[in-house]
Amino acid sequence: MNVATLIFWPVVAVTLAGAAGAAFARNLVYAALSLGASLVGMAGLYFFLQAEYVAVIQMIVYVGGILILILFGVMFSRDILGTSTEPSIGSRILGGLASLATLAAMGRIAWNIAGTESLGLRAQRIPTADWVGQISSTSASHLGDLLMGPWLAPFLVVAVLLTVVLVAALGLVRKDAQ
Amino acid sequence: MIDLVLAGPDRLAPYLLLAAALFSLGVFACVTRRNAVGYLMGIELMLNAANLNMVAYGRFRTELLAGHAQVATLFVIALAAAEAAVALALVYAIFRNIRDVDLDKIRSLNGE
Amino acid sequence: MNVNPATSALIGLFLPLAVSVLGAFTWRRLGKTLDLLSVGVALVGAVATGIGAWTLGQSGTVVSVSFPWLWFPGTGIAFELGLHLDALSAMMLFVVQALGFLVLVFSRWYLHDDRFYGRFFASFSFFVFAMSGVVVAPGLLQAFICWELVGLGSYFLIGYWHDKPEASEDPEYQAGKPWYATGLIESKLSPSSAQFKAFVVNRVGDFGFLSGLALCAWVVGTWSGFQGGDPLAWKTLFGAVADGAFAQASFLGWSGMALLTLAGLLVFLGAMGKSAQFPLHVWLPDAMQGPTTASAIIHAATMVAAGVFLTARIYPMLTPEALVAIQWVGGITAFVAATIACVQWDFKAVLAYSTISQLGYMMLGLGAGAAAGGYAAGVSHLFTHAVFKCMLFLGAAAVIHGLHGVQDLNRMGGLAKKMPLTAIATGIGTLAILGVPGFSAFWSKDMILAAANAKVAIAASSGMPVWSSMVPWILGLGTAGLTAFYMSRQWFLAFLGKPRDHHLVDHAHDPDKPSVAVLLLLALLSFQFVWTGSVNPAQAGSWFSGLLAAPVAGLNASLGHALPEGVLHHIHLSTMLSSVALVALGVAAAWLLYLNLASVRHRTAEWLRRDVPTNLVWKFLANLWFIDKAYDFLFVEGLGRRGGKAVAKTDMGGTISLDRAIDQAAGLSGWAGRFANLFQSGRSGAYAGWTSLAVFGALALVLLYSK
Amino acid sequence: MIDASILSVFLVLPVLGAVLAWILPARPNAQKTISVTVSLGLLAASVLLAILAVSAQKAGFVLRERIPVLSDWGIAWHVGVDGLSIAMLFLSALVQFCASVVAAPNGRVRAYHSLVQLLFVGVNGTFLALDMVFFYVFWEVMLIPMFFLIAIWGGDDRKRAAVKFFLYTMGGSMAMLLAMLVLHFQIPETGMTVAVRNAEVREQMTVGSQGETYLYDLPVLASDSLGKPVVAAASDIASGSNRPLFVPVERNFDLLHWKLLAPYWADLQILGFALAPVALAFFFVAFAVKVPSFPLHLWLPHAHVQAPTAISVVLAGILLKLGVYGLLRVAWPLFPAAALDGANLFAWIGVISIVWGGFAALGQSDLKRLVAYSSISHMGFCVLGIASATSQGIAGAAFQCVSHGLSASLLFLLVGVVYDRAHHRRVDGFGGLAQIMPKFSAIFLLSAMVGAGLPGLAGFVGELSSLLGAWVNPATRVAGLVAASGVILSAAYLLWTVKRVIYGTVKHPEQRAFSDLNTAEMAALAPLAALSILLGVWPGLLQAALGPVSASLAGHIAWVAGLR
């Protein structure tokens, strides 16, 4: 039971709780905020997974960008919706069943994975204890090489896509759009 | 083997279980939310679950390819951002047109 | 001069066909030349076939030409068309062609100012072609094909005045109709109705013919001795019959003789249709709607005789049981038609029913069997009757033409003064049909009665039930008396006595010279010596019996055993005496009722029709034994109209119909649709839910329950 | 030298026609000219084939080519023509000509003519296809244009009629699809070797470069003295040896290979059920809908009454024949034993169609509907003949197809003529037309006589042959006896109609103004009338093409049934 484990479980708890809040909270503002908590926790988990760069991006893009956008959306939809966000009982049942099925399926997979690990089929990994000073195989520079190398084509495509999206979003919100 | 599941950050299983939980929560949100923005949150949750899976697998299963997994994750994040932007723009446009973003009321494709 | 009979037959077949095809397209334009053309062609055909028949008679051979028409690979079956000329068919062919020529000559006068003039000659030529085709048929199939074509020719000629309205809507008919014109269904009495009726009633017979034909084709085609070729060719067919092919086959448990009887009777059903045998006789009286000269050739001389001819042709495949049935049909037909003819007021109707009656006689004779001399008797009567009945119809044509279309016997009378030659000719014809000694029917009809009588004797000796042949014989004798009554009645009413309708009768006159010549020629041919060369009916060796000898000899050998000469002679003598006595009786009755007593009770006919109890008998007979009305009720209105409507409604459009039932069943799919709609809420969230539920649920089940 | 590539003409020409008719500006005459030209081209091509067939006088395929496409799914572009399909192609071209010559409905000319052309792509394709997949595809291709032709240019109740037509036919197609897939997957993946009939090999074989034999492009094997399979020499087979012959068949959709598998289908069991009867029933339903046979005929009167004249002509003239063609090309060759077992049932289905249709026709007051029911009645003879599974019966069924194609087209064209003049189709709304329209009346009487099966006209030969066949097969004899009563019924309803329409007095004086047939109508009617007389007088002309095929099929059926 080292210190990493001690930090690990609270982070998981935050992530999970935040997600639950995002899913269940009546008030959309609270939902958005708890989603933010979940996103932050996710970034923490990325650190545990030695994906520091991804963690940073997660913080910047998600927490810093997307969450704000969502909050905007909530802001100008809230005054109309008021408390009318009460989901219908049917959709709740449906949602419950669907999410249970999902949980069952993926949980089962995870369970199997755990089983296989118990059989010693674990990939070799660097012990969390002695990260410090190690040159991670996934340093930002390494990721940059990958982006500019094998992932170049997708990278350019995404770049184009993002531009298009930007223009499209602008077009959508122009005053005389209607 | 429960100990493997509940083992600390050095095991794969906890991440996977967490991702499963996040994903199913996202599904629940998508189904129950009548509000476009709520719907969007559900989607974001699922995307995050997927990301977590990818990074975790990259780390624990394919050590040498961990970087690739993370690059893919970066792409997902970028696309999620784009998607969020467009979705919000749409929400805004719809809101301007029908003063509402209740998805149940947006059914012109349903022929009603 | 000597021509190949086959060539002459081909001339007689195809020249008329060419004329009819030409006329079919051009009769409107060149009607007046078409008649000369067809008359000339008919003359050529008559001469050629006459010479051909003569040549054949000299050589005594059988000419047979045929080519494959419809074949079925793998079965060896190849149906053939062609010619089969033996004594019988050559003679019949000549008669058809010759009578055709004479009637055409007469028709030029009878129809000279008719609106459809040219069409008559085209249709007539077609009929001659078809009839010749039946006569020379080398097998059952061509017989059937031309059989139906004959029906088509008759269809054209009956419906010659197809634009005439039904009698019930015809002011002319209603005006001229006497009160005693009863029993006819006037709403269905017109050329167009008559042609339809004739065709369909004949089809009832042809249904049997076709089935019998198919049955024979099956049996012979699968017969072990079948060499390939046409299974229905006379030679093959009769060979198979003689070889017991029917014993190898079985249908519905019938085999051997029973199956052969069935086949024979099925084909005979066709003969019943064409020859207007009871109960299929109803079309012939209606057929009088056609031109009288057409009736002369079709419904007196040739077409109706085709049934008799066919029966004679298939004689080798007719079992004794079949012959009994044929004899009964013939006897009943002869008697029923004769009784009806006694009360007919229409000049042509009397002739129509007498024709039916005489055809019944022929069947009666054929049914007596070759051993009893029935074959020769029936066929002889076929020829003699053809001649004098053709002449009687032409005489009727002359009378009707002379009276401007009036056919009511009770408006005639005293015509002998106005049209003496016609009176003489028809008088001779009447004597002939009466069977007065010295005239042709005396010879042939007495042969029939003698044969029927001999059949009784044979039945008695060969252990068959006597009554089965006794009844037809008695019916035949009775018919002899009735025939004498109604035929002399007709002639008396028309030609003797005082004119009952002066301004009608005064304008009557004989036909023009060629037509009169035709009448007198046929009258001459109605004398007995023309046929036998003597007045002794039993006298053998006459050229005509010689003609018939060949086929009969073969049949005698094949069927039954002949009676001793003495018995035959005795039978002939007794028959002659009894029939002559009956004829005298009939003539005397007609004389008393319609000439003599006419002065005592002012109108004997009236008295017969009005006073009890005779008027009951009269009503029954005048309503044609209610046969037509029964058919109209049962088949035309009932089965045809109502049945058709019922089926149509059951199929579609009715309140309870197949169509609606299926629509209702289809309605069930609506429920399925509504159920499916539950998943189509249009909420994207719900879609997502259902999708993930389905996908992940399935996945979960698979994973959880997979080891 | 003519090779199988000429067959593609039957598909290419109509497609070109469709495209042209669509892209050209909508001018009725332009589109009409295109349709007529295409049909004339097809007519010429089919006459060419007919000459080949009649001169060849063989049961085998006159032209045939097999090009594997998607071979890993066992699908091949396999087309070929034998006497049967050539007769049908000729009829199809003729009907297309007549349908194109008569007046097309106004409005949407381009769409109309393109759809008609597409319809004939489907029809010709079905007659050509020897691969089940393509057969099915063309079968469906034919369905859709017909649906629109009825639904757009039909009468008042056209939508309902079109939907009925579509649903009935679609239901049948589904049955066919299911059966076809089941069969396909019943063939072992590794393929199998089946015994073949020497006579069929002799009829159909092609000789390879080394003198080896091919049957439907499959190598023919003979078992040598030791029972080992060896390549069979063509010379040996041609010399008429009776050594048992085999061919290796692999899993595919080839109709002819499936025909060779008939003995295999015959004793195939699925879940303890015999496959053949079930599959045969499915195919029979699919084709009986088109024929149409008694319980499945209810779409026909609707479709005919609603469809415009030209489309009624196509429907009765050629579409109904596809049902019979399917029975002869697919159902009976694949499941001969089952077909023989069910002969009695199938024969009675045919007889019920004859009698039921006849009585229903008697009860009609609408001319078009009357002719529609007469079609049901006449096509019953086809089913009867096929059920008997004899050389006569099968030839009769095929012949009846052609003759009914002629008579029904004639009758529908004539009904169209009077409808064009009087704008109604009530039988009692006419009378005495013979005095007004002599040409019309003459052809009307002729058509009625063809329908009534008068000897000397085409209608007689088919009915006669079917009846002869029915009498030969013990199982169908009684049915044949009853079926013969159809000649009474057909004469009754057709001649009764003739009497009421063209004979008697002129009941409606205003009809005196009617004009007789014009040139276009004559152009459409004359060839049909002439042909129905020619084929009646000289049936050998058509029988030369149909006879060998029917005999071969009958032999195949008897052989397979005999193997049990």
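The letters A, B, C and D name the chains in turn, as written, and every chain counts its residues from 1.
Operating definition for what follows: contacts are C-beta pairs under 8 Å (C-beta built on N, C-alpha and C of every residue); 3 or more make two chains touch, one makes a residue touch a chain.
Remember, it's a predicted structure, so these values are computed and weren't measured experimentally.
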Query: Just how far, in Å, is the C-alpha centre of subunit D from the one of subunit A?
result: 65
Chain centre separation (subunit B, subunit C; CA means) in Å: 95
Statement: Averaging C-alpha coordinates per chain, one finds the centres of subunit A and subunit C separated by a number of Å equal to 101
Query: Between subunit C and subunit D, what is the gap in Å from one C-alpha centre to the other?
result: 39
- request: Would you please write down the residue numbers of subunit A that are in contact with two or more other chains?
  value: 91, 94-95, 98-99, 102, 106, 109
- line: Multi-chain contacts in subunit D, i.e. residues touching at least two other chains, fall at none
Field: Shared interface positions of subunit C, touching two or more other chains
entry: 683, 685-686, 688-689, 692
Task: May I ask you to sort the chain touch graph into line, ring, star, complete or other?
output: other
Query: Mind giving me all the chain pairs that touch?
result: A-B, A-C, B-C, C-D
Query: Across the complex, what residues on subunit C touch subunit B?
result: 680, 682-686, 688-689, 692
Subunit A residues touching subunit B - in the complex, by the definition given at the top: 1-2, 4-5, 8-9, 12, 15-16, 19-20, 22-24, 28, 31-32, 35, 38-39, 42, 45-46, 48-51, 53-54, 57-58, 61-62, 65-66, 69-70, 72-74, 76-77, 80-81, 84-85, 87-88, 91-92, 94-96, 98-100, 102-103, 106-107, 109-111, 113-115, 117-118, 122-125, 127-128, 137-138, 142-143, 146-147, 150-151, 154, 158, 161-162, 165-166, 168-170, 172-173, 177-178
- request: Under the touch definition given earlier, write down the residues of subunit B that touch subunit A in their complex.
  value: 1, 4-5, 8-38, 40-42, 44-45, 48, 51-52, 55-56, 58-64, 66-68, 70-71, 73-75, 77-93, 95-97, 99-102
Task: Could you please specify the touching residues of subunit C with respect to subunit A in the complex?
output: 683, 685-686, 688-690, 692-693, 696-697, 699-700, 703-704
Message: Going by the contact rule set out above, which residues of subunit A touch subunit C in the complex?
response: 91, 94-95, 97-99, 101-102, 104-106, 108-109, 112
